[in-house]
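Chains: A, B, C, D and E, in written order; residue numbering restarts at 1 for each.
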């Protein structure tokens, strides 16, 4: 009984809008704190890597963003699937605002990786590497979702069609991930990207974990804020938004 | 696949919108076997949208369309097919002949009306074996209407069936509609020329 | 079932009436294959390496190219509405269209592939594996392309967007396909990747038509 | 001339109406290029060798892909009749459509080609030649594709055969193009093939639009 | 590009055939400025073929169509453009708005009629900035007819202009035809509803 009440509340735009309004500042603050702590730990406290020197510190941006990029896709696809199956407009809104965020983090992972690659491997881009290529494919999946959704003039239709694509994509992500891994090991053995197993010290690991937490919080904050904007846009013709806007003005 | 010929077609409190604009709201309509409703209204008032919604091709903004209590939107999702819809487009393959087009629909709807008989009734005898691409606009429209005979449907939804038809073609539509009613079917017809079909109509919906 | 056969036959017939449209990808295939040696050095070793890749990429592109129009003509001329309203399940009808398309576009390609492979100095023993791999891989490619086509059918944007949506999803097929071919060329057993290709084909053939049908229903609305 | 500008602007506007349309040929190109390493072995030596081929084939495909619909939509919706009856010469109008199509589909591709080339380890010195070669080759490809499209549109089934005959004509372009690129990569002067490409471009741009216009006039009859 | 408003349109001993079949032969017709000819006939008798031939889009099997002595087939080949043809298809781009479509034709024909005025007359004010793809069938037809005002043509060739139009739309066509005649133009109209335009007609050609 109460479970269904929650379900309905979460499908109600004004409720979710206000909930986000209340949560966002806290999450934002927590994310800033964690970012600060992680940055300090990563740039100051952690010792330089004995092989890679100071350059390794880019890991504190690279790994968290790679992780968020992947997680965001799952969030986006689940939201889109809920929206399609139960016809919840709000779930589509969540999917719509997750996509660009996820794409940005994926791009960040690619970018930091490329920047890192130049000193480490002597080249920005290496077609043969599994992680690189599957990350690129992930970026294409995001772009496809966004392009498809925006190609429809009727938002409703765009939401539903893109939801199908997201669902197909989420089935494929693990397949792509593993197939690429197998493919590249066939051709060139183990990838170069590997924390040196046990050799990583706690001083390096803990800031990394903090950064991952911080990025997750930051992601959540971005989603909440974008969701608010998306809700206002979608509901701009309703009474409550009108009241909200005029109330704020007077 | 035999459709119940005495079904009740009901529209309750229907609202339609396109591109965020409300086209109509609060439409009620009930058709018993043998009834024809004419839908009229100026260009752009929503006749086509209404017919597509009745067919279950799109979901209404609000309200229900039911055939014997089952929402047509679910019927279209594949349960059974007692509804025939003929829109502005003709649903014919340009590269198939008239006969092949009719036979195709007969096979899809598992109906055993002979294509030859329908072609004779349509007076398309001399183009039966010509690809539809080479037909005149009216001959195409006739072929499309011929497909109606290939579907054992209870409800006919026709969007301006008289388009491009000459006088004999219009007569034919009238004759087929009466026969359909006599069989216990019902039908909704959108038209800009209600006078041509007024005799058959039991309801006129003015949008 | 009857409707399945009918639609299959109709699509075959339509394709044969417009055979040139379907021959185009094939010609593409031959052109690309015959052109690649110009870009590579024409040494046997290099060609041998590249041959597999060229074959697979051409197979991929030619199954994607023609598929763009798979549903579009039906939607434009109103046939799709009639199919949606028909008593047969739309997934089955989508499957029929897919099968017809596969017969017309992929089958000839598979038939011609061994000759191209030979011209790239592929060993004769590896040909059987190549054909089996193509037979297993092309259905999945067609299903993926059909989903892409269904998603974009109500958009004016044709082939390019489909490419963007579908190409990233096809990378596993390409990887397993080339892997099987390479293994066969080295005289190893290619059973592993072939099983994976078969699994992917079974998976996509069972869920793909449903997905495409759902996309079509939304698009036609 | 005024009508030329108008039609050019209209076709550009139609293409840009959705930004996705502008972006997709590009992404398509990138995706094809990034799929090739899956099919080839990803070693630098092989990729370096194959890079030129990949670039040119992708260029060919993306300029051919969209062209199929160049006249078909105009013929289907009746615009072509109106253009034929208009006071401006049809060849000029065909040229306008071609130019708009080239700007939308080939130009972005040429802009991005250097980056792809770099990722395939092409030496920086060769990039200028690559760009010049693409600038000279793509117009001819577009003209050929347009003639093919016009013939296919007009002669329904029989004439599509002629369309097929046009496709193989693209191979000289590809051969000269890859040749120029390869020579530049080896540090030689690529002037020879570039002059040939320029001559072909001049030839096709002067006669192509007329030919396509003649085919279209028949189509509408 | 200014068209002579008082040209003479003459058809001499015209014969038409399609796909090897003779559709009509020995047709003579002469229109002086201000005259309207209605073409009627059953489906498939060749009205569309006739109009396309008059427009110069296809060559006649025999006979001549001349405008002030110049064969229209040569006119269509690009000399000048005093002929406007509106067929079964509408010649509109789906992705351009109503206004953009009208402006495009105005630019191609180098005519300076303001698109806004035509849109107002067409009563399409609220969809002026909507892509044609989202218009109803009748609204599309109105837009297509609107393009007629964008061409400084002497001869109007209209193939079933009333298709999909509501009563007000039909009135508009009548009004535009009269205005065109008053300007000294002439026109040939194929229709299945001659009664709707009979007042204007000076000749009725029965195929």
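Heads up, the rule we're going with is that a contact is a pair of C-beta atoms (placed from the backbone, for glycine too) under 8 Å apart; a residue touches a chain by one contact, two chains touch by 3 or more.
None of the values given here were measured: they were computed from a predicted structure.
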Hop count on the shortest chain-contact route linking chain D and chain E comes to 1
Neighbours of chain E that also touch chain C are B, D
Higher number of C-beta pairs in contact (A-D or B-C) found for B-C
Relative to chain C, largest Cα-centroid distance belongs to chain E
Note, CA centroid farthest from chain A's centroid sits on chain E
CA centroids of chain C and chain D: separation to the nearest Å works out as 24
Chain centres from averaged Cα atoms put chain A and chain C apart, in whole Å, by 32
So, in whole Å, the Cα centroid of chain A is separated from that of chain B by 49
Residues in chain E with touches to at least two other chains are numbered 88, 94-95, 134
Residues in chain D with touches to at least two other chains are numbered 18, 20, 24, 27, 31, 38, 41
Flagged in chain A as touching 2+ other chains are 133, 140, 143, 147-148, 151, 153, 183
The residues of chain E that touch chain B in their complex are 18-19, 41-44, 46-48, 88, 127, 130, 134-139, 141-142, 160, 163-169, 192
Counting only contacts in the complex, chain D reaches chain A at residues 18-20, 23-24, 27, 31, 34, 37-38, 41-43, 47, 119-120
Chain C contacts chain D in the complex at 17-21, 23-24, 27-28, 31-32, 34-36, 38-41, 46, 49-50, 52-54, 56-57, 60-61, 65, 155-161, 163-164, 167-168, 170-171, 174-175, 178
The answer for chain C against chain A in the complex is residues 147, 151-152, 154-155, 157, 161, 164-165, 167-169, 171-172, 175-176, 179, 196, 200, 211, 214-215, 218-219, 221
The answer for chain E against chain D in the complex is residues 1, 55-59, 76-78, 80-81, 83-85, 87-96, 100, 104-105, 107-110, 147
